[in-house]
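Next come two complexes, and both contain chain A; in the first it sits with chain B, in the second with chain C.
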Partner chain A sequence: MSSPSKTSFFSPRRVLIIASSTVTQLVRMKVFYFLAPIALLFVGLQFFDNIFYEGPETMVPEQQLRMHKNICLGTMMFFTSLFAIIFTALLIPSDIEDRTLYTILSKPVPRLDYLVGKLLGVISVLFIAMLVMDLLLVVTLHYRTAAISANLGHYLTEMGLPKTEIARGQAEVAKHGPTILLQYGVLAHFSKACVLAAVALLISTFSTSTLFTIASGFMIWIIGSFQSIARDGIFNAADFGEAPGLADRILGTLISLVFPDFQLFEAIADASARAQEILVDDMMKLGGLTLLYVGIYTVLSWFVFSDKEF
Partner chain B sequence: MSLKTLRNLIVVACGIAGTGYLRMPVEQKLTEELRERKAIPPPISQEAWGQMGQTSLAGVLGGLRTVMASTMSLAAQKHFEEKEWYDLKKQYEMITTLDPYNKFYWDHGGWHLAYNAAAWARTNEDLSPIRRQFLEREFLEAGDAFYHKGLTMLPEDPSLWSEIGRLWSNPLKRPDLARAAAAYKMAAQYGNSFYKRSYLYILARIPGREIEALDIAAQMLIENRRHLSTPTFRCILFCLSTNPDLPENALKVKLGEVFVDKEQAYKDLYNYRPRVQDDGYYGGDLDKVLKSLIEELHVPDNLNPFKPGSKPRIYDNNWRRAVDSSKILPPKTFPNSPGQE
Partner chain C sequence: MSDVAAVEVHQLVKDFKGPFRGKEVRAVDEVSLRIAPGEVYGLIGPNGSGKSTTMKAVLGLVRPTSGRCSIFGRDSLKVDSRNDVGFLPENPYFYKHLTAAETVRFYGKLCGMRGRDLRNRVEEMLELVGLQDARDRRLRGFSKGMLQRIGLAQALVQDPQLVILDEPTAGVDPAGSRQIRDLILELKSRGITVFLCSHLLEQVQEICDRVGIMHEGALVNEGRLDDLISMHDRTEIVLENASEELLDQIRTLVDVTHDVNLISEGNPRTTLESLFLKETSNKRVPKVRQRLSK
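So, the complex of A and B:
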């Protein structure tokens, strides 16, 4: 007679199984359909040309690429953040509603595995969506850059500029094409979406309503975009002229302590759209912060979820 | 609320606040590093918050500052088409608040105000002449102020300084060469040879600053002799060095030290002469030198600026035709000319 095997505290295999079933669950919800209008938008931007960008006085070809990147990266950020909150908010209530949760938890599956699996499933779906959008961005931007570079070459040749000057102008345009810097921006937006998913997971362990989770997730998204202002008020009070009062300081400290700082993620993405230098070190720090946020929110979700009665 | 929920809430709050306490300095340090490198824009002012529309507010709240700036710049085109200049100015102020490190918006906003709005005011016959002048001046100054505001965000951007220089040296505006020179000086400080030459060219147009201009030209020549490959530079350098008021120790160049041969000297100086007459570039002994070259090279009347009739600009092809059909001598080279180095 074999002795009953003890369930391990955490099993990556179990997590992967739950994650893959979560991916299937979300795919069945037809979540990838949103990629169709996004593809149309990205391709449509290829043909979007403004007359006011033409003419010698305003000959700034990079701006067209910058606008292309801004709109595409902004769209990617908006949809991944939106879906990170909504998907995660839907998962636990959906599992309760169709009784899957009871089936899973009645088996020797630790609740941590369940939560991490669910989160990983959402992150995987976001990753696939981000990857598809990134591919679309890279392909459309590549063609746009090539077209703009050729136009610029033609324009500068007609102006009689030497080949070295033309090559310099085209190199400047190429900097705004699909480069590694652009991928840093995509990665920053993906990291932000992961943090939002972890936030939504934490809220959903408390909440009894999906709507509340979604609404709270949105509020945290918005406040997170301005958290740095509150933190600046504490660290750089002198820069604000008049020193903040006690109430402002308390409020600022609370906001800074509780809410994540999304401005950092957005700043990296904006800098990548401007083709501004981003250091690997910056990305490492951002990655570290993402892991910290996701880690702490997951641990706290587990704490709340561990003795939750259904 | 049950006791368990309350306990959970307290633990969660403490957990978040505890890690918040640890991550705050890290985030602040990274923010400051990125801000120093201008990757993070300055916070939006209270005034700008007040002026923001609902759509832009929603976009900004969602972390879409640059996307909002891009879409607002498209909307600004409508104000331009409708000639709503004050709305356009307000729109560009908002755009640059949202995306302050994008040079294009500063450049474009300044251009709309200083060129389009000012030209509209100048040519608007519905306005009285005094009002026209007043409005034109107002928009020129607004454009200049917009460029300067952009420079507070991008202080080392030579192209914005150059735009200010271009604005105040534009003969179709209200030229103020001293302001143009001040701007070009800054552009030259941060920029390349082109900006340095632009600064020199403006100085060469300001009466009383010819000696300063020659000093700059001499300094540029020490830094890089390739400036001599630019015809206008050659002409300005030569003409400035014929200034009778030059101090003893000033650079004085001979024709042969600047031009490859007499033919090139004539072509360049001939083409430079209209700039002296129309744009106020320094001429010095230009006419005297041209006359002596005309005599030496037997220049035909159609390419002689002192003979009546319209004078075309000299290009290689019309010069060649003139050489073939007249008695112009083969180019006379100067001893130790730049071309023989």
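So, the complex of A and C:
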């Protein structure tokens, strides 16, 4: 039986084999069961009006839809980020503990292929979960929008407004429904989850405890979400009559270099929920930033993992 | 025969740092060994003697503090060196969510195998290790012996020229242990090099061509098995149906011969393993049926 005389530095095929095995592992761990309560939540939102809503005269219909989107997008963000950290944190330590890693690395498998394969496996599972939740959101939001639009139509007709005004009102409601802007928000949350998975991968390469990896991942999630506010506070303190000290500036710069900054991700998700315009440039920046963070954390993971002994 | 050794370890030293920058522990102390292609080499020694660390250094799982290891002339730290190697670690576990067939297929794919070649090889390996009936069972439900056999199957899937086995029969019952021994002998007959470590000395004695003995990180003795265990100043003669008269004559002859001593005499013994296998190989007749047949 022939075998290759030289193993390539990086093999997409080997990466896909390991990614596929990781997806199978996570699926057979029944991780998708968490989608069931989420589905119930999304569908349940259909049947419950906001408690302050007593008709179009008490609350603008767009606010209803915004609330629906905020709850759903927030739920999606929470679960994908949570599981990005937890799934990734479990993978490498369990392979080491079970010595499965010995048998994998005793084959002609470069360590980079192993790491990228594991990360790609987690991202694939997150993608599937995000896709299912997105479909649920689109369907429930579609029905919700249609119901609110019909309700508004009746209300405006009873008020005696002309058909053009009614149509304009209904078009305004439709803008807050399941449009492409909504997908930008979903993409922003998915991108954030990918970055958190890469962060958890890096921590797991040197951490000796899964709990430490998960806790650190959460901490980085929080820091990443709020560091722009903290940085603005430090660097713009002069506006409030307080010049930031040198230590504060160095600390602020270090934090922004070490930890991911999720400001753009949050801004796009927020704009999506509000049905505000999102520029293509911003989406390109989001894509570039995601690839940059994931790339850097993966390369750092490789540096640490390549010298690890088992 | 090629001059390139299947495994070459040259002045291998491996130190492990203690916790909190404490004292370093020397796990392997200037070990050198050479395994020729087609040989079965046994590395024996007590727990903690450095056997597994030596194996891991050969596989590139640990980086030597100094010295070097190579497999068929390739540096062990390079991924290339593992193209022709199959490894079975001590007490192996595999992905519990996979079935037996999926496990062997997974490792075959990692070695670059694909398509019909891979499918056929998976079936061949499952048959070789006697797991074809369990091919679609998840490893979660496997016994220790079954896991060991799956481990052998994945180690052999890519038809390696070198097989490294770390305690291949640890925790396995005598029947399973005998099967693994027979498999190793078959690999040897095919010209495959086997490098195993074990502290089950009887088994090593049965199958190995050469043996190295490690103690406290050092290779304290090494050589061909026959040379190592032969007691050259003693002769063993086993007689069948010898009369008491003949035995007396032999004893008298020994007494009168200068510088020859009778060390011991008695009936030779079989091994407990052979007895165990003999007693358990036939299907047991239930006691109820035995009473009825009387």
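By definition in this document, the second predicted complex is superposed on the first by the 290 of 310 C-alpha atoms of A that agree within 3 Å, B and C clash if a C-alpha of one lies under 4 Å from a C-alpha of the other, contacts with A are read in each partner's own complex, and residues count from 1 in each chain.
Note that a residue touches a chain if its C-beta (ideal position, glycine included) is under 8 Å from a C-beta of that chain, and two chains touch if they have at least 3 such contacts.
Everything numeric here is computed off the predicted structure, so don't read it as measured data.
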**Report entry** Combined model on chain A: chain C and chain B, fit or clash
**Finding:** fit
Report task. Mind working out whether A:K107 is in touch with chain B, chain C, both or neither, as first, second, both or neither? Result -> second
Requested in this report: Between the centres of chain B and chain C, viewed from chain A's Cα centre, what angle do you get? Round it to the nearest 10 degrees, please.
Outcome: 170
Query raised in the report: What is the contact status of A:D307 with respect to chain B (first) and chain C (second): first, second, both, or neither?
Result: both
Query raised in the report: Touch check for A:I17: first (chain B), second (chain C), both, or neither?
Result: second
Requested in this report: Would you sort A:Y33 into first (chain B), second (chain C), both or neither based on which partner it touches?
Outcome: neither
Query raised in the report: If you stack the two complexes on chain A, which partner ends up touching A:A267: first (chain B), second (chain C), both, or neither?
Result: first
Requested in this report: Go through the superposed model and pick first if A:R99 touches only chain B, second if only chain C, both, or neither.
Outcome: second
Query - Of chain C and chain B, partner touching more chain A residues - result: B
Report task. Could you look at A:Q276 and tell me whether it touches chain B, chain C, both or neither (first, second, both, neither)? Result -> first
Report task. Pick out the closest CA atoms of chain B and chain C after fitting on chain A and give their distance in Å. Result -> 6
Report summary line: Check: chain A residues flagged as touching chain B and also chain C 307
Requested in this report: State the interface residues of chain A toward chain C in the complex, per the touch definition above.
Outcome: 1, 3-7, 14, 17-18, 21, 24-25, 28-29, 98-100, 102-110, 307, 309-310
Query raised in the report: Which residues of chain B touch chain A in the complex?
Result: 4-5, 8-9, 11-13, 15-17, 19-21, 23-24, 26-28, 30-31, 33-34, 37-41, 43, 60-67, 69-71, 73-74, 77, 80, 99, 101-102, 104, 107-108, 111, 115
Report task. Please give the residue numbers of chain A that touch chain B in the complex, ascending. Result -> 50, 52, 57-58, 60, 62-63, 66-67, 70-71, 73-75, 77-78, 81, 202, 206, 221-222, 225-226, 228-229, 231-232, 235, 256-258, 261-268, 270-271, 273-274, 276-278, 282, 285-286, 289, 292, 296, 299-300, 303-304, 307
**Report entry** Contacting residues of chain C [partner chain A, same complex]
**Finding:** 56, 59-63, 79-80, 82-89, 91-95, 97-98, 102, 106-107, 109-112, 117, 121, 151, 154-155, 158-159, 164
